[in-house]
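Chains: A, B, C, D and E, in written order; residue numbering restarts at 1 for each.
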Amino acid sequence: MVPITTIHYLVVAAALFVLGVIGVLTRRNVVVILMSIELILNAVNLNLVAFSRMWGNLHGQVFSIFITVDAAAEAAAGLGILIAFFRNKETVNVDEIDLLKW
Amino acid sequence: MAEDAKTPAPPPPPEGEKKPSAEMPAAPVSNAPVKPVAPAPPAKPAVPADSTTPPKPAAPAKPTGPVPLLWSSPLVEKYRSQYGTALEGQTYLGQNYLTVKSELIPNILRLLRDEEQFDYCVDITAVHYPKREKQFDVVWILYSFPRNERLRVTTQIADGASIPSSVSIWPTANWLEREVYDMFGIQFDGHPDLKRILLPDGWKGFPLRKDYGILQQDKEWVQINLGIESGQ
Amino acid sequence: MPNMIAIWMPNFIMSYLGSTVTPGEAGSQFWALIYVLIIFAGVSVAVMSMNWLERKALAHFQIRLGPMRVGPHGLLQPIADALKLMLKEDIIPSEADQFVFWVAPLIGLLAAFTVYTVIPFGPSQAVSDMNIGILFMLGVSSLGVLGVVVAGWASNSHYPLIGALRSSAQMVSYEVAMGLAVVSAILMTSLNEKGTGTLSMIGIVRAQEQQGIWFIFKFFPLGLIAFIVFAIAMIAETNRAPFDMAEAESELTAGYHTEYSGLRWSLFMLAEYAAMIAVSSIAVTLWLGGWMRPFVRLLHGPSWDFIFSLFPGLTFLGLAAIAFVGVLRMPAHSFFKIQKIGLEAFGGLLGFIALMLLVIAIAGRSQDPSIGSRLNESIGYIYWFLLKVAVFMYLFIWYRATWPRYRFDQLMRVGWKVLLPISLAVLIVTAIVGVLVA
Amino acid sequence: MSAPTGEDTKNISHLAPSNRENSDQGETERKNVGGNDLTFENPDKTYLDSNELIINMGPQHPATHGVLRVILKLDGEKVLGTECVIGYLHRGVEKIAENRTYTMFNPYVDRMDYVAAVSNGLGYCEAVEKLLNVEATPRAKYIRVILTELNRIASHQLWLGTHALDIGAMTPLFYTFRDREEILKIFEKYCGARLTTHAFRIGGCQYETYAGFEKEVKNFLTFVAPKIDEYETLLTTNRIWMERTKNVGVISAADAIALGVTGPVLRASGVKWDLRKAQPYAAYSEFDFEIPVGTNGDTYDRYLVRMAEMRQSLRIIEQAVNSIPEGPIMAKVPKVIKPPVGEIYHSIESPKGELGYFIVSDGSTQPYRLRVRPPSFVNLQALDIMVRGLLVADVVAVIGTIDIVLGEVDR
Amino acid sequence: MNPAMNSALNSGLNSTAGMAPVATPYFFYGLAALAVVSGFLVITRRNVVHSALALIVTLLSVAGLYLMLYAPFVAGVQIIVYAGGIMVLFLFVIMLVNIERSVKERRFNSMWPVGLSAAGALFTLFVFAFAKGRALFPDRMMSLPESSNTQQIATMLYGDAGKIGPYTFAFEIASLLLLVAILGAVIMTKKKI
């Protein structure tokens, strides 16, 4: 069995990243898009932690914690916007959210 | 049998009137002239159409009970002077009631509440006399907290006629009128939500009318909604 | 070959008993597996007996008898219940989301049981001593809310949905106060010479051992306040009365598990009780000294150790005595023959266990590392830990019998406006006091 | 206490959030079972405030005290409006009355408010007695008072237990049932029945008190007085209980009067009105007791009023038992009860409120028309204004505090 | 590792710490496959709740990968913040907004071919980069001290012995970010301010 090296983690992270990008670019539902963004952020986190292991220091892990914080903030703000929007337009589809007002 | 009850001429003195309770402080019964009043509505109820009524017992042999008496009080005087014969005050066994024409209905009730402080509508109900021309008695039972006094207001309406709702006078009339509608089919104009209350919405027939048999039911409704042949 | 095993087995057991680290730490997958199995079986049994105890205790609070028919004093009632629930028809509402409906109880159950991997019943009596033990524990127990939310959603019905929404809001809110209370306990672990705290569950108890004080009494009343905050928040976390908003039977019929029946419903119950035991274990670990026996500083020395090591045996002896008193109090009627025999057998079993424990306590009172003394120590650790947890379990029942239910907004107000500021203040004051002391 | 002005009534006349289209809909879709056409629009909406959620509480619900169905219109958990759907227990008591003789109908009244059957019987018997113009004997009146007040305590105990259970306190239920049992035992010894007692007859009582009746009642009085204190220790100063009940389901005195609310609910709003004092019936004028009143008209006050009422009932029973006169228990009533032509309304203070009987006699052996004025039915109408703006949990508390019995609401 | 435990390691139990389960490749492949498959489900499921559940599985398996990378604290944060916090928030919001309707609608927007090809191009780029830059990533992985992981992260975030750490300022900024996000979310979701 091949020992697991950094590149393995990077491939997994790349796959998750691309899945996230596909989700963001193709789905209509805002909630799914937000979840895809979480997927992207997780891919980035995985990369950072893998690099942290590779270099043997903890900067990557600290960075990933910051990204987690950011993800939490993004989710809160994004879902807040979503609820405010849903209240007015009663839709959660991005292609119906095409006016710069409500 | 109603005729039997009416015809005996000398009514016994109303001894027991004050006895049942200290009900009517404001009703000076003893002042009232002791004489029977002919057109009192309860005095001429028609024989119930229901055939299950047992045969008339030997009524004439018994002494009849008390009879309704004219009720003279400031309240009656005041409204009689206002409305004349459309309104009549009577008392029976110490309980006072006003018989009014149905045209007066919303006004007199409102006046009773506003001027005479009958602020509490105890009950609204109806009685069905199928043999009569105006088939229904609608009865309001009122109570006044400041006066500690009860009063019934009775009016007669014909089948199919409607009567103004008193929901705007006493909100409690809402469900009470709905029940009267449910049971007798009496329409109340201006009621905010007049629909059946105890029976299901789709039910046909008004059960407390005298022509509605005790075993009668809306077979169609029962079969459709309950999926059974009969509710009995 | 059997001969080999006969020689090898005691050595193997001895090697384990001699170890002072958890199987996970030592990397012994075999012992870790055994541990996991023991814990799963133990928790299931504990939940069943908790079920019986709750019904009995609640009944006696409420001047009833509780289960009396199935077995003597209803002792077999939980088994009968479990059998009944397993044999019940498995109903999934036609409009429900089949897969999610199916998976929801499992989420709750997994979350509740996974927590037990880091609960230290003794210094080496845990599956694993994770470095991030308490963090892991809070994280995993917070996953339990997912099961509730998803169950409410999947039922596709109004009452479960409201129950799920209430429950998720409630659990997320109380987690905040709970976490801050936990942090103040963790802060107390760092009050040693090196100034390094720990998140490890075992480390936390060891810190209490080293400081010679349970954290509930540390910086009195700071530890006590933090403990009370945690004790309130943990009731809310487990959706128990008076915070049982999520399943308030008089409002939401049964809350999120209204549509569940049979085995799936029993899984929810199992998860709920397992979570109760888990959070109680956290409280015991953080504030009540974990496996430490009481008065470890005041009453020390070999003779005191010996006296305290008699407690497990004496407890079981007392239980056996209660059982036999129950036998004596049974009416002398032939109907009760079987019940009497059953209760006598149960009492006999308890008495036998008591005897064994006493023998171990007496045999293992020497300090040298023999199997006996090791066993004696381990039993002591587990006994004191479980006794403390049992007190919490009793409190759970007591609360349920005593208090009306909070309303949802009041519950949130208590969480955010009372518990959160208190726990924040306690945290800050603990930090300041800690710095001043150090 | 002032009579409600026109504005007052306008404020409350938004009762039953009705819309006209719906009654039209009811016309067209008569096939539906009652209430399939919800009064509220858009039933399949979500929780956000632009939409409202309709949920059905009952008829199968643990906290609706029977088969009451309340359609709740919610914004999140906030109640925007309610509609009660009743009638699931409708048995046509009034129709039955028209087809039974006065005596035959007597047991039926027990089935209306089945937790206070004695009160129902008292009201009916007194109404018919009034119609007959006879009066029960003094001893019968005293027995009636004793049993009715015992029944009032039993009814309040049952109310307290279930109400506390609705709010989440399980234990009071069992305590109250334990003590209610003693009352039911007395009933059983007196007349053989525990719940639907049929204790009274027109003209008095059927049965003389059994040997030791007074002693047992006195024993009960000494037994139950500390028990009522026990309930209070569980609840009255309990913080959670107070938070759950204070300022919940507030109804002002003016609203209560306009809505015809009677009984403890009215008294808790500050109206000192009790038919036992206002228009004494039976032997109540001979006893010394007080009318407990509340001030805020909230659930907590109603709780306190009922607790105080239990104590007042104990006082009445004690006086009655101590001074119960000797004598016959039946007045002279003809074998065949044939009241003269006429109509009568008689009401008593049942544990729920004013229980009235309006009887129209045509001189035959059967009532021509018998109308029951049920206190629960009228009081239930106040549910809507009491719960608007509160939360779902409060609806349960308020239904409990109105103290309805569906057998009486639906008759 | 605590000194007590260190000393305990040599007491009888044959220590197999060298081949702790986190090191076995099977775990990696299992977790990686789980993460990618459930990541795929996240973006393809029609029902949003299913997507969310799949995302939870992804997050948990990524947490497992963190554990394998000797980052237990990050794994714990991942579970407690992501799976326990953010995902509950997501589920909460999904229940608030109408879900039945979105199930019936189209899943993908009208531009999905463009999006898909762009993502495909990105993936090709990744593959190319990894293939070409393989030499950049050393095969050997450094081993990190697992038991003091939390302490070291704390040292970097908060500093040690009176000195502030390299990320202390960033940490404060991050808390500010969270505060702003909370305020924003509250203000946006409030009906009336």
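Going forward, contacts are C-beta pairs under 8 Å (C-beta built on N, C-alpha and C of every residue); 3 or more make two chains touch, one makes a residue touch a chain.
These numbers come from a predicted model, not from an experiment.
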Point to revise | Path length in steps (a step moves to a chain that is touched) from subunit B to subunit D | key: 1
Exercise for review: Would you mind checking which chain's C-alpha centre is most distant from the centre of subunit E?
Suggested key: B
Revision key, fill the gap. When A-E and C-E are ranked by contacting C-beta pairs, first comes A-E
Revision key, fill the gap. In whole angstrom, the CA-centroid distance of subunit A from subunit D equals 61
Point to revise | Chain centre separation (subunit C, subunit E; CA means) in Å | key: 30
Exercise for review: Could you put a whole-Å number on the gap between the CA centroids of subunit A and subunit C?
Suggested key: 37
Exercise for review: Would you pick out the residues of subunit D that each touch at least 2 other chains?
Suggested key: 47-49
**Study point:** Interface hub residues of subunit C, defined as touching at least two other chains
**Key:** 165
Check your understanding: Given the complex with subunit D, which residues does subunit C contribute to the contact?
Key -> 58, 61-64, 158-159, 162, 165-166, 241-242, 244-245, 248-253, 400-410
Study note, to complete from the structure: Touching subunit C in the complex, subunit E uses residues 2, 4-5, 7-9, 11-21, 47, 49-50, 53, 56, 72-73, 75-77, 79-80, 83-85, 87-89, 91-92, 94-95, 146-151
Exercise for review: Provide the residue numbers of subunit C that touch subunit E in the complex, in ascending order.
Suggested key: 14-16, 18-21, 25-29, 97, 99-100, 103, 124, 129-132, 135-136, 138-140, 142-143, 145-146, 149-150, 153-154, 161, 164-165, 168-169, 171-172, 175, 196, 198-200, 203, 206
Study note, to complete from the structure: Within their complex, subunit D touches subunit B through residues 1, 3-4, 9-10, 12-13, 15-16, 18, 22-23, 26, 29-37, 39, 86-87, 90, 92, 94-96, 98-99, 126, 129-133, 135, 257-261, 271, 273, 278-281, 285, 336, 338-347, 354, 356, 358, 360, 362-366, 368-369, 371, 373, 377-378, 380-381, 410-411
Practice item. Could you pull out which subunit B residues touch subunit D in their complex? Key: 1-2, 4-6, 16, 19-23, 42-43, 45, 47-48, 50, 52-54, 56-57, 59, 62, 64-68, 92-93, 95, 113-114, 117, 119-123, 125, 127-128, 139, 141, 145-146, 148, 150, 152, 167-172, 174-176, 179, 183, 192-204, 207-208, 210, 212, 214, 224-225
